[in-house]
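Look for subunit A in each of the two complexes below; its partner is subunit B in the first and subunit C in the second.
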Partner chain A sequence: MERLASVLLSSLLLAGLYATMSYGLAVIYGVMRIINLAHAGLMMLAAYVTLTLNTRFGLDPFLSLLVVAPLFFGLGVVLDLTLIRRLPRGGTGPSMQSLLLLFGLWLVLQNLAYVVWGGDTQSILTPYTMSSVPLLGERYGVPLLLVFAVSLLSLVGLTIVLRRTFLGKAIRAVTQNRDAALLSGVNAGRISAVAFGLGTAFAAIAGTMLSTLYAFTPDFGRSLLLKAFCIIVLGGMESFTGVAIGALVLALIENLAAAYTTIPTSFQDAISFSLLVLVLVFAPNGLPALFRGFSRRAVAR
Partner chain B sequence: MSAWLKKTGVAPWMVVLAAALLLAPLVADRGTLNDLWSVAFAVVLASAWNLLGGFAGQISLGYSAFVGIGAYTTVLLANAGWNPWLTLPVGAVLAVLFSVVVGLPTFRLRGPYFSIATIGVSEAVRVIASGMEFTGGSSGLRMPSANFHFLSNYYGMAGLALLTVGLVAWVRVSAFGMALEAIRQDIDAAEALGIHSTRYKLLAHALSAALVGAGGGLFAMNFQYISPGSVFDFPLSLRIVLMPIVGGIGTLVGPVLGAVLFGYLQIKLLASPTLRDWNLFIYGGLLMAVMLFEPRGIVGIWERLRRLWRRRAPPTLEASGGA
Partner chain C sequence: MKLLGVLRNWVLAGLVLVPAAYAQDVVRIGAVLPVTGKESKIGSAYKQATELAVKEVNDAGGLLVGGKKLKIDLSLLDDTSDAAKSAQLVEQLITQSKVHAVIGGYGSQLVQAQSVVPERYGIPYISGGAGATSIYGRSKWVFGTLSPVEHLAATQMDFLQDLVATGKLKAPLSIALLSEQTEHGNDYAKGVKEYVAAHPAAWKLPLEQKFELYTADFRPLLGRVQAAKADLFMADAHLEDFVNMQRTYTQMGLRNQMITYGARGADVSGRKSLGAAADYIFASGWWSDLLPYPQVKAFNARYKAATGAEPQWYHAMAYETVRALLVAIQHAGSLDPEKIRSALASLKLTESIVPGGVLSFTKTGQVDLPFVVTQNKPDGKVDLVWPKNDKTGEPVAPIPWH
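Let's turn to the complex of A and B:
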């Protein structure tokens, strides 16, 4: 029982990080119908920028979010204006062309990090990196708890922006029905730029937080990108509550598998990759749609 | 003769390529032959990928799994005392089996969703292969070093490259190829016309998996050493996708052009340490440039240039007609 409680708690902590990692992908997919493969590269780049801010200026990683997030918002807007806007729009689904363009961008970012910071494994050490707090009979690292707090804050912030501001309402309108939003006078070009900026900023927040927990290289983030993708598919691609549920489900599955099965830790990542394929194939519209389908069938019976 | 050429889809440049690959050992030294071997390997990978990715439009980012399956089959069986050449068909068959196992669920997905699922599959395979005992883990495995002849391996790879290009040329003009083309253009319309799209995709996937698997076996024989990092790696999948896209996706000559370009780049990259530091920049930059400016790659650029040339060539006719 004690063990189950600690598994649940650590899943919740992990889910906060996973959700932040996935919101960026979901915002960009929702508004632009683009799967941002460069997401992993942007997280990696943010981790390195945090490292530089930390070693050069002694800035605490969590404080550096105040610099990194706006910086990457700007980078995202620039990327949208210079690259993504040049692609032909067409159809309702995401295009192969945008996928491959962003894939190319990811490679360029990787090479950039490799040239600027070298290929060695890097990590960020703070005075509290090694300290921990006892909770429910287990000890949890202070960085992990801080990461959870920042995740919650940024998710609350995003929700307020999306629900209370005009810009946020425009973003949700374009996500729900692009044509109807355009007819009501929403400036789709500006919304796309803002959405890509927001998505990039969230990638950066996730990258900064990851840098306080894990060591990283320019190759960092590929498995995390697959996990994030798995989460937004679980959550139904567009719904922001769905993303939170998807993050929780993935974190739970990973932690339960680690605690109660004999699957060796080196195969841990294979679980989420296989889950991604299973989810894409059997629940392509996400868990909410799956549950709706079940209840409908139950009612019909 | 030319009617036969048209019917089988064989073009004159293929004959030249074949002659160059097969006659090279008479004149070239070992270093040049090594480079040609790499180009032939790249031609196998790029042209085989093009069957599914180009003709049927299903962009798979997980082809390194087939290279790995072929390579590991060859090494493991050779260490068990088999003749390496006899292991190649076994590797091809195993690659086909794997392609069906992966294809059956993932071919229900369309477009980018299929591509992402293939990244998931290949990453899962890589993680599992690095964790397994029989793959030698991250330290890899060696071939039994006895009786290795580079020249016979060279002819093997050159032969496989020619077989691949020939098969692809034949598929392109066959009913099978037309079905794949229909699937690429509009899968719903193709289904409505009675094309069983999953069956055709599985067939294309299996055919290309067999070719790539055999290529992986020859790769292992030539390098004598493999590890999950060398044959199941994501950058390998990436190069397999980039070659046909940069050359000209869905065409016959495009993947070969891409393979020659990338084979040459690879040789240059290995020779110069400064260039090697920029290799992802080159790959990524090329991919972005192709997507932004000419999605049909080198072949597309060539066709544009030819149109420009044609427009400029008879100016007097147009001028007199207009006046």
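Let's turn to the complex of A and C:
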């Protein structure tokens, strides 16, 4: 029983990390119907900015969020105004041009990082990096606990903005029906810029968090991006609560498989992507929509 | 008519100039290295060491070949850590730049891609950047100065066996073994497993697992290590995974009697990322600046004077790779590819900076040199603890956990 509790707690903490990585993708897709292939590059860039703030100014990575998040929000708005806005609009899904543009942006960011910071493996070592606390009979690293706290705060903050502010209502309106939102007087162009800014800021928050957990190079983020795709598909691509649920489902499957089966952990990614394929085939709107369908059918009976 | 005259002159000029461009009064060496991209950290170190080795010979007047001093013309290309591009650039150096020999890159994947090209054109190829055995033995033109990775594992096992023999560790001992899902990781795991199978009374292997490069979360894997309750923890990992895994290991409060990450441990950047969590980790390598040979001390001093930095193993092996090729060309007395190849195959480079002091190739074209074992000590100190005759300090075993 204690082992199960510990596995569940590990999954919850890991889900926090996964969700943080995925919010940015969900924000941008929800409003703009664009898959941000530059997401990994933005996470990586944020990790390097956090490293620079730490080595040059001695700023703690978690405190540097106060600098990094607004900085990258601004970067996201600039990217939308200068690049994304020039893409042809039309269709309900992401355009080939948007995929290629953002993939190209990722490569540019990667090469920029090689030029500015070099190819050496970097990491941030703080006084609490190796510290851990005992919980339910196991020890958990302090950085992972702090990342979970940030993820929780992010989810709460996002939910408040979306539900309690005019900006949030406008974002939800554009997500649900862009044309209807336009007719209602919502400035869809401004909302798109804000959404891209928000998505970039969340990518940066994820990058800063990841820099406290992992060593990194300019190539960093590739495998994590694939996991983030998996999570937003599981969660339904447009809902942040869905993203959190998707992250939890993925983390649970990975940890339960490691704890209770003899499946090599090197197959973890294969398990994750098999789940992705199954969800895309049987529940293309994500797990929350699937469960809502089940409950509606159960009520109808 | 005038046009015909102009054309005739161009053809005549070409017949004179083209052979002149590839005259035999210069030694043309090509090198394809990952100066940018994923492998750029070590790739650029290889570039630095390669250029230094060539510069030293050129500054001394050139290479003595067949009684004549010839300058070395080094053409160094960047493959951006891309395997397909790497092979294509080797082909370009051979067919267009008409090099007499090629120096290969860093990283088994890149070298694997490059190594198929020399056979097509009959040009000697030597690499100081790949220890995977599958690369060698397929072509007589391919040589490598990194010893097989299985022998890295066997060296570590010999070192551990000696700790048992000297009473520092008590047999039988069990090992939890993790290795990355790459050629390098597979060779390392194979080396450990073969040793354990050959010494069943003294060694057990209750856990052996593989992991993907850049694994996001090592907790599940280390959870299995914890559950195995093995005496020793042995892993083979790239630098990023080494740092991430050792951080998680420390946070989880795991404690084994000895810890190794294969060739990782003494890296400066690894120690910087881990602080005291890197103490007492032992590592095997192809070279150490702590080797107590006069030629190593002289190399360390020269390298530092030329570049301002202490040499790491990759600088040393890149440097010695070039030196091996140039000495072979000297012994061949000619720039004929077959003569150079034959000289490489029979080379016995004495007073070499490599462990053991002598560099020579086996029948497969790969060297089989001893590995060194280093152990991290507190406050950033590193000791060479194996081979025993070359050690600079006593190994600490078991780890004094507090």
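The definition used in the following text is that the second predicted complex is superposed on the first by the 290 of 301 C-alpha atoms of A that agree within 3 Å, B and C clash if a C-alpha of one lies under 4 Å from a C-alpha of the other, contacts with A are read in each partner's own complex, and residues count from 1 in each chain.
Keep this in mind: contacts are C-beta pairs under 8 Å (C-beta built on N, C-alpha and C of every residue); 3 or more make two chains touch, one makes a residue touch a chain.
Predicted model only: the values in this text are computed from it and were never measured.
Chemist: Using the overlay on subunit A, decide if subunit B and subunit C clash or can fit next to each other.
Modeler: clash
Chemist: Of the two partner chains, subunit B (first) and subunit C (second), which one does A:S223 touch, if any: first, second, both, or neither?
Modeler: In the superposition, A:S223 contacts both subunit B and subunit C.
Chemist: With the two complexes superposed on chain A, say which partner A:M43 touches: subunit B (first), subunit C (second), both, or neither.
Modeler: Once the two structures are laid over each other on A, A:M43 reaches no partner at all.
Chemist: Using the touch definition from the top, say if A:L87 reaches subunit B (first), subunit C (second), both or neither.
Modeler: first
Chemist: Return first, second, both or neither, reflecting whether A:A201 touches subunit B, subunit C, both chains, or no partner chain.
Modeler: Touch status of A:A201: no partner.
Chemist: Does subunit B (first) or subunit C (second) touch A:Y114, or do both, or does neither?
Modeler: Both: A:Y114 reaches subunit B and subunit C.
Chemist: Going by the contact rule set out at the top, does A:S266 touch subunit B (first), subunit C (second), both, or neither?
Modeler: It touches subunit B and subunit C both.
Chemist: With the two complexes superposed on chain A, say which partner A:E254 touches: subunit B (first), subunit C (second), both, or neither.
Modeler: Second partner only.
Chemist: For A:V68, decide between first (touching subunit B), second (touching subunit C), both and neither.
Modeler: So A:V68 meets neither subunit B nor subunit C here.
Chemist: Need the overlap of the two footprints on subunit A, from subunit B and from subunit C, as residue ranges.
Modeler: Residues 111, 114, 222-223, 264, 266, 269, which sit in both footprints.
Chemist: What residues on subunit A touch subunit C, complex-wise?
Modeler: 10, 14, 17, 111, 114, 118-123, 125, 129-132, 138-142, 144, 213-217, 219-220, 222-224, 227, 254-255, 257-259, 264-266, 268-269
Chemist: Could you list, by residue number, the parts of subunit C that touch subunit A in their complex?
Modeler: Where subunit C meets subunit A, its residues are 36-41, 43-44, 181, 209-212, 214-217, 219-221, 223-224, 239-240, 243-244, 247-248, 250-253, 269, 272-277.
Chemist: For the complex, which residues does subunit A have touching subunit B?
Modeler: Interface residues on the subunit A side: 35, 83, 86-87, 93-101, 103-112, 114-115, 222-223, 226, 229-230, 264, 266-267, 269-270, 273-274, 276-278, 280-281, 284.
Chemist: In the complex of these two chains, what residues of subunit B are touching subunit A?
Modeler: Per the stated touch rule, the residues are 57, 59, 105-106, 108-113, 115-117, 119-121, 123-124, 127-128, 130-131, 234, 238, 245, 277-281, 283-288, 291-292, 295.
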